[in-house]
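Each of the next two complexes has chain A plus one more chain, namely chain B in the first and chain C in the second.
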Partner chain A sequence: MTDRPVRNGGLPDLKEIIVPNDLAAAKTPERLILEEAEASGYSENAVFAVKLALEEAMTNAFRHGNQRDPAKHITIRYRVNRERIEIEVIDEGPGFEPDSVPDPTKPEYIDRPHGRGIMLMRAYLDSVEYSKQGNAVRLVIINKPP
Partner chain B sequence: MAEQTTRLQIRDFKGISIVEFADRKILDEICIMEIQEEMEKLVEAKSGGNILLCFKSVEHLSSAALGMLITLKNKIEGKSGKLKLSDINPQIFEVFKITRLNKMFDIYPNIDVARAAF
Partner chain C sequence: MNAQTPSRTGRGPHDAPFSISVERLPDAAVVRLCGSCTMEVASAVGERLVAQITPTTRLLVVEASKLDFLESTGLGGMVAGYLRIRRNRGDLRLVKPQPAIMALLEMTRLTQLFRVCDSVEEALRLPIL
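Take a look at the complex of A and B:
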């Protein structure tokens, strides 16, 4: 569960949740974001995309960023409105260079069990951007009429 | 007679182990690790056997779950068995297509077609 309350971030209607570095705790922001997405009229496919991307981003933050360290935290900032959903997932790790992750569809990497999370996020969302340090990812999906 | 584990339902049909998932969402690490452990026990018990994974009840699949399937495929084939997949819904099949794993796995529309292909 969250160890700190939901509160507004620096921008109007941007919410921030800080959870312990624990995948069970990460379910709370996911549930809140998906509830807001459904209430804001996003399609089933869009909600699926947000869920998938959030799972990937949170898993990367937990496993690769925070190195499974239970003393660390994951910060989630988000804003959901009828036009778009914006989410930032920030870990406390040293960051990484996203371009250094090999293309998992290349024949030499296709049978590797890891390295597909970023690709899936990019395939499902309108924008996936990493911070310069590489420890924060900003996810955007635009609400498209059916 | 079907065998029910925590995460899987397993039944045998003419030497093929048909496995169905209890979870609708195969996303988080704990769930994936438990499925992998249960599947590895099955692979050990049925050394050289064929396994059919039915995704009928599965609605979500993460990249970590894809990784688990790749590891599983390698283990089954390492023991001269075969792995086939069936009943993958369109949203999840899209995940396979994006990652091009639809070319790596043998995927069939339903259990009957998959069974006949072993």
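Take a look at the complex of A and C:
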């Protein structure tokens, strides 16, 4: 695992962590981001939202992007300040078309065991954007006054 | 262990230990979920729920009052349990989910599938429709 600040697309001070394609290993960047969020004054609800979205993004990277391949990696880039939290989760898969995932709240899909992760990220965060290739997702939450 | 090394369980300081316990009754199973159902343990939910269902099981009761976190794999596990118990013309009922979990269920509209009850006794008593 590596941990280093990077410059990316004009956003200074992004930190980058690369972990093996393993959900237990992916808990480390989650913990670091949540600790920074709490230290920066985010509410309990906001921390819950970030935790949920991170878990959904990393599960998708592990399972769908990297196809559970232990030789692959998940890259997490993030920046936390008092105004917002920005996170990128990048896998080594071929990508996908997020608009092709059906709305899991529609009656015809409500009893499917899978397919709720993207919907939950979008419901809890201020912005969820996929890269053109579809193997990277950028998550943003704005710190709102109570 | 330094600050960058995952613990053996992968559990972070924001996660309460996750546990599943089961009480078997003649035609029902009460499954208690406690702690934080995070991504690295969530697949156990569906596996354990489905494993409780025998040909005579009609009710699957998920007691969730001590469950403080649940992500989509855990939600999907509950749906898998629901689908399996419906084959027995039975029902899955959820007992006292915490507000954050209830919000997840409402947002995903899974409250259309799972009846939410105030107690295990109520969940076991109500007729199956």
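In this text, the second predicted complex is superposed on the first by the 135 of 146 C-alpha atoms of A that agree within 3 Å, B and C clash if a C-alpha of one lies under 4 Å from a C-alpha of the other, contacts with A are read in each partner's own complex, and residues count from 1 in each chain.
Methods note: a residue touches a chain if its C-beta (ideal position, glycine included) is under 8 Å from a C-beta of that chain, and two chains touch if they have at least 3 such contacts.
Because the structure is a prediction, the values reported are computed rather than measured.
Peer 1: Taking chain A as the common reference, can chain B and chain C both be placed on it without clashing, or not? Answer clash or fit.
Peer 2: clash
Peer 1: Could you say whether A:114 touches chain B, chain C, both of them, or neither, answering first, second, both or neither?
Peer 2: After superposition on chain A, A:114 lies in contact with both partners, chain B and chain C.
Peer 1: Report for A:25: first if it touches chain B alone, second if chain C alone, otherwise both or neither.
Peer 2: In the superposition, A:25 touches chain C alone.
Peer 1: For A:123, using the defined touch cut-off, is the partner it touches chain B, chain C, both, or neither? Pick first, second, both or neither.
Peer 2: both
Peer 1: Given the touch rule stated above, what does A:34 touch, chain B (first), chain C (second), both, or neither?
Peer 2: Second partner only.
Peer 1: Which one hits more chain A residues, chain B or chain C?
Peer 2: Of chain B and chain C, C contacts more residues of chain A.
Peer 1: Quick one: classify A:48 as touching chain B (first), chain C (second), both or neither.
Peer 2: After superposing on A, A:48 lies in contact with both chain B and chain C.
Peer 1: Check chain A for residues that touch chain B in one structure and chain C in the other, and list them.
Peer 2: 23-24, 48, 51-52, 55-56, 59, 104-105, 110-114, 116-117, 119-120, 123
Peer 1: If you look only at chain A, which of its residues touch chain C in the complex?
Peer 2: 1, 3, 17, 23-28, 30-32, 34-35, 47-48, 51-52, 55-56, 58-59, 104-105, 110-114, 116-117, 119-120, 123
Peer 1: Enumerate the contact residues on chain A facing chain B in the complex.
Peer 2: Residue positions touching the partner: 23-24, 45, 48, 51-52, 55-56, 59, 62-63, 104-105, 110-117, 119-120, 123.
Peer 1: Quick check: in the complex, which residue numbers of chain C touch chain A?
Peer 2: On the chain C side, the touching residues are 3-15, 38-40, 46, 69, 71-73, 75-77, 79-80, 82-83, 100, 104, 107-110, 112-113.
Peer 1: What does chain B use to touch chain A in their complex?
Peer 2: 27-30, 60, 62-64, 66-68, 70-71, 74, 91, 95, 98-101, 104
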